[in-house]
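Chain nomenclature is as follows: A, B, C, D and E, assigned in order of appearance, with residue numbering initiated at 1 for each chain independently.
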């Protein structure tokens, strides 16, 4: 019962947050409402017994990534007149909603065919740091290593694109 | 003489052409090299001709696996049909170097390339190899036409290139279909043209494949109604290109029909033969009628060439040994007559600076040798007995009559239609009074005359004593009908009533 | 395990090289030229190693590595050869390109290597998330390379478009992976394949939806219709060598992983045949129609890339019939890569500072002033158009053979029709170069020998691939 | 019920799609993509629960890492864009067309 | 009999070699020095003369052979052999060809000699003789050919020479047009010939396609197929021999030099059609209908041409129409299966018509190429030899006994009546009267009365010896040729009929003295009547008449040329122009250009879709995704 209530709560907040993201004009407002979604999602992870992910969602996503985003928004010091006017935003939103309906319909139909199960708290070991970590470093070592290359690339990229570059020649 | 005679004949001009293309040589050197190489090819081809024993099978075979996993091979060989197209190109091309002396280096280089590619196409015994040469021979034409053509060269170039490539790509699909079918039948991959004869395809897909090949060849020949690229291209192209296109390249389309399509699609071919024969006949009449209305002599000759190709097509689709043999013979005859006429047209254009018939007149009195040679070529082209044109045309009409009376009779109309426009042309250009453009027309120089003499003699010899030539052709053509299945045999006499009617014993 | 590392040698080499160059970039003593040579050397060395491994190594169809996450097969080897070759020639063309344009730095070559390592991984992955990560490595590196010229608004615009749409497509890949995972309980191709094989493709809507989204992401990267729109703008905004690299190596990597994914189970491939059939047709024709209207050479080549993706999709449709799975696709990719790289290699040294020559009309009369370059470009164009005896022709022949053998005659015929249509815009450039009088002087000498040499080598490649087709 | 989570994931995903579809602000578009990634993460975790299999958690983790890398790059591009034009409107950048 | 037949091949070869020699010699020398024309003239006469002697040898060798094996052949080489078609370049000497050979070479030689005089002063003298020799060679191939195809070689060869010689004065467009007309009309006939050969081959040709084998196998054909073959071959004959409906070229052909008109368009080539029908007599006798059609066409042509002939004012045109008319007689003869009579008429006609033409040529020559008879008159005194010889010719043509024409014409008329073709005979008699009329109209107007053009008259003189000698020789021929086939009624032996018997399938009517006498009487009466009318009107000199009514209609040749022009020539050209300007660009080429244009249009339209807005690209993706999802969800159910 409590689980259902919590789920409803988180679900409503996450959807509202997402709606806010796509509706608010100023990206700062959008980022804030997106934060709501992210936090709600963390809650949902918890409900799904994903303890490690719950923590990481809060720390990495809501914490690190979003603060970076917010920082950049602040850093750019965006004035309202710098923002796109977007007078036809509502039209586009509605049109987008219509366009995406078949996709959503299709996915929902697919979900309907999947086996269902009630969500209850799983056994002790499920989703814990140790268990996930064991799987991670035993079976998923290669992706882990590859991700390191990815992060390096992003690092170089950020430097190249936004950093200072000395003129050659 | 050599082990790989055919390879040498193919690659000698190609390599020489590429060297010419890149080496910084003068025009004169290029011309001499071109002439020398084409003469060398001619000598080799005579060797081939002498060594050809007319067994009805492939001779001078060379076989080197190329892509073994798909059975594609560098496979060469010639039979009586290839031999004559080969000879035609080897004999005719040296003339061009003699006649047109002040062209750019690339002109001669491209001529050599096209010669090699054409020889390759007729020698290829592997479908992929055939296709490769088939496409390659278009490229030099593309460049010659675009670089050295007349004022409206670019549209003409694009039209011929896109048109022919469109056709040949359809052929690519069709030949892939053949190979796949062969694989399905025997479990091994092969693109050998000979082996395709084992196939006996029928059904919708086979009909589609047949049409794939046929459209490619019909465009190249060109068969009505795929001829519309021809007038522009023939008119705008430099003389040598027109010559190559009309004299030899068009024939390779016919050759393709005979070598590739007929054996592989016996049933479907027999089913559609009448249809194609009508296309040939209609094309003959259509182009012949159009020719009479032309005011540009090159265009007139272009339509005349297309008209003759219609007759040749009828010969192919009549599916009996007379018609087919006649076709091969007519191929050579047409190469020597219409091809040479285009050379004359080139000389005319060069010396009078006009392509309009109305600007010319009275050349016969200015230039008797020119007029004489032109007349002989023209008469061969209208099929006068005693010239090479008659034998082929007669055999084709004979064969067409057996195939279908209506086709035969309509083919016969070519006797009249051809004469109408040719005489008109001859009258306006060579007879009547001289006009300003033709007033100071210079006759052929001795060297030029000498260049034409072999061909003119060939026209006459082929008309008077064709037997030695036909003897080399006939075994190969007869072979197509020797193994014909009953279905084909039945289909070949579409008018059995007539045949029966003609031969029934009178009581 | 050592064997595993041997098989991974090229990836490791390239990645270490990337990191090394990245570190070197921090010190001032490394000149850009030196970095370029090092980078090129790395590519070349890796290429040779891989070539040796391909020719001499065991011909087992699959060698699964690392818990079945990576795989080395003849197909992946062939694809990685193509990618390494592309890298090598991209370095060459970059060298000549940056003689005239000076916005390069050492990191440029590092990023090239990063991108290449992502691509190499992509050819090998047999697991969805690794695929995603490898895809992102590649994409991120390419984004940066596209936007490398920071002073150029066009280049920034290109990276912006590419980034947004690429990330958008990437999200589909993750969502698709999630659904596949939800159905099969794993993201490894082998297990997915087993699952599909035991339960059937159509009885698993989640597999259907998941693989659909995954396909969408792949199709986006391959620029197939209707996910093609970005490709023109991005190619247009990127610098010449990078455009060439994207057009070839990226496509190779994507089609490699695409084929690997579809090969997970024949039921899966069969299930998508109809879908790919229509996508292939639409891509070919849409690409052609877009290409026909272009005046800019780069945009035309981009649009023709859409068409070639269509052909490659035919190859994917006909995967089942190939003696070595994917061999036809690999061959086509190699042939296409040789031609495209060649053009970009030539354009790199031809186009001058700030890429002034980009429209068809700029190339009028090139054959008069630079006959050899014009000749080379013509050869490349003919190869792309599929005229024998170039490599492109053989690629097309194989694709059509494969299509007919699988019974896809309609597809084969439409492919042919599309290449007829395509002739026009390839010929157009040749016509412009050869048959028009020069309107501007092409007096500038090409700045480096390396550009011409690599172009020449590529011309030879175009013929060599066709006449000596070892890939099959 | 686990389906509810999945449905929520689909809804969030679709909202992300709508965001990319409808908005011109670079930040918003970018965050919409992030929203889509989050939706797929939710799906992964829900499926992990359904499959009783912790691979899904690992995968979600990896996706987070990728999202972080992408974010870094995207922000670099934003800065670049802002530097060049002072605008965040994606429609401003339409020099390449046709 | 063991003897070499090699010389048979030499008969056509001599003139051909002559042509080649003259041609080459001319071509090689024409640029550098002037060769005296006489050289060419003499060179040209050698070939025909040699052929004539060989022809004599053939004749005598044939005579030495027994009646049932009176032929021999010479096969020079295998011409071509394809499948079951086997053809030799073979020559056949039998009584029919032997007879033709004799007079063709004889008259040919004479005309060559005559030409030396007539053509003197012409600038392309050599060309003329080369053509003439070429013609004679072709004609001899035609005569000697042992299979229809070899015959066709000669058949087309003579057509070519006819074309070349008609357009000999090529600066004048009308002459060239006349040449074109001749060639094209002949080609129409040749089409019939070729198709006839085709049908014949597929019927019985596989057993051998030479005349002897065909004759032996003719019984294997059905009647209907024989009819088809006969009619098609006859189409060829109407072309070559100027019969309805293809006669129109012959009057125009008079544009050529007069010796040409004499040799080609009167004596030899135009009779080739008759010869061919006689050659194929083994087919024609099998089907009565074929013969009937031939006979009727022939006699109607004779009538029509005679009507035209009565109103012509060009001396050569008169003779031309008389030729057409006489050819009509010949066809009537062979049509009623009196082959020997037809050939006999060919034989006699060759003499007197060549004579008339050469005589007319002499007149034209001395009057400096004046051809209108209304500008002549009273030349009798100035040109006595010409007058006398022409008078003989005219009498022969008009059918005055005992001149040559009388016997042959009478033979034909008698055969027609005796074989039951009353109306053919009746028309024949009518035409005979008309012939006498127009022949003597010409004689009277040209030679009698007062000179109409005094100046020309004053300059007139007798033609040179080289021209008059052939005239005299021919006049002797015209006088006596008829006696070769003197019918029994005059105590003759019908030598020619007997001679020809092995070659042609004559159906001899029962000899009926009364009937024959009746026929002769009517013929003579018709001649006398025609002569009388002509004398009445023109004997004392007459002015150029003004034609009205029917005469005017006939003067304009019933407007047949204009009709053909309107019905065939103009539509043909119009169709050509229409195809060239209308159909080709708008229909045949339209799909091609249309597709190209459409394609470009789509290209520019599609460009609009590449709007450059990144959001729009995303929208494409979403829309595509939506559609695909929709389709996929349908498949889920």
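The definition used in the following text is that a residue touches a chain if its C-beta (ideal position, glycine included) is under 8 Å from a C-beta of that chain, and two chains touch if they have at least 3 such contacts.
It should be emphasised that the depicted structure is a prediction, and the values quoted were computed from it without experimental measurement.
Participant: So which chains count as neighbours of both chain A and chain D?
Facilitator: Where chain A and chain D share a partner, that partner set is C, E.
Participant: Quickly list, by label, the chains bordering both chain A and chain E.
Facilitator: Of all the chains present, those in contact with both chain A and chain E are C, D.
Participant: Measuring centre to centre with C-alpha atoms, which chain is farthest from chain D?
Facilitator: It is E.
Participant: Measuring between mean CA coordinates, which chain is farthest from chain A?
Facilitator: E
Participant: Which chain has its Cα centroid closest to the overall Cα centroid?
Facilitator: Central chain: B.
Participant: Roughly how far is chain A from chain B, centre to centre by C-alpha average, rounded to an integer in Å?
Facilitator: 71
Participant: Suppose each chain is reduced to the average of its Cα coordinates; what separation in Å results between chain B and chain D?
Facilitator: For chain B versus chain D, the centre distance works out to 65 Å.
Participant: In whole angstrom, how far does the Cα centroid of chain C sit from the Cα centroid of chain D?
Facilitator: Centre separation, chain C to chain D: 26 Å.
Participant: List the centre-to-centre spacing of chain D and chain E in whole Å, with centres computed as mean CA coordinates.
Facilitator: About 96 Å separates the centre of chain D from that of chain E.
Participant: Return the residues of chain C touching two or more other chains; collapse runs of consecutive numbers into ranges.
Facilitator: 129, 133, 136, 140, 143-144, 147, 150, 159-161, 164, 168, 179, 182, 205, 208-209, 232-233, 293-294, 424
Participant: Got the chain D residues that touch at least 2 other chains?
Facilitator: Those would be 6, 13, 16-17, 20-24, 29, 41, 46, 48, 50, 55, 62, 66, 69-70, 73, 77, 80, 90-91, 93-98.
Participant: For chain B, give me the residues that contact two or more of the other chains.
Facilitator: Within chain B, residues 162 contact more than one other chain.
Participant: Which pairs of chains touch each other?
Facilitator: Every touching chain pair, ordered by label, is A-C, A-D, A-E, B-C, B-E, C-D, C-E, D-E.
Participant: Quick one: which bits of chain C touch chain B in the complex? Just the residue numbers, please.
Facilitator: 323, 372, 375, 382, 386-389, 393, 396-397, 400-401, 404-405, 409, 412-413, 415-416, 419-420, 423-424, 427, 431, 434-435, 467, 469, 472
Participant: Note which residues of chain E are touching chain D in the complex, please.
Facilitator: Result: residues 607, 610-615, 618-619, 622 of chain E touch chain D.
Participant: Can you list the residues on chain D that touch chain E in the complex?
Facilitator: 17, 20-24, 29, 90-91, 93-98
Participant: What residues on chain C touch chain A, complex-wise?
Facilitator: That would be residues 15, 18-19, 22, 32, 66-67, 69-70, 102, 104-105, 107, 110-111, 114, 117-118, 121, 127, 129-130, 133-134, 136-137, 140-141, 143-144, 147-148, 150, 159, 179, 182-183, 205-206, 208-209 of chain C.
Participant: Mind listing the chain D positions that touch chain C in their complex?
Facilitator: 6, 9, 13, 16, 20, 26, 29-30, 33, 36-37, 39-41, 43-44, 46-48, 50-51, 53, 55-56, 59, 62-63, 66, 69-70, 73-74, 77, 80-81, 84-85, 90, 93-98
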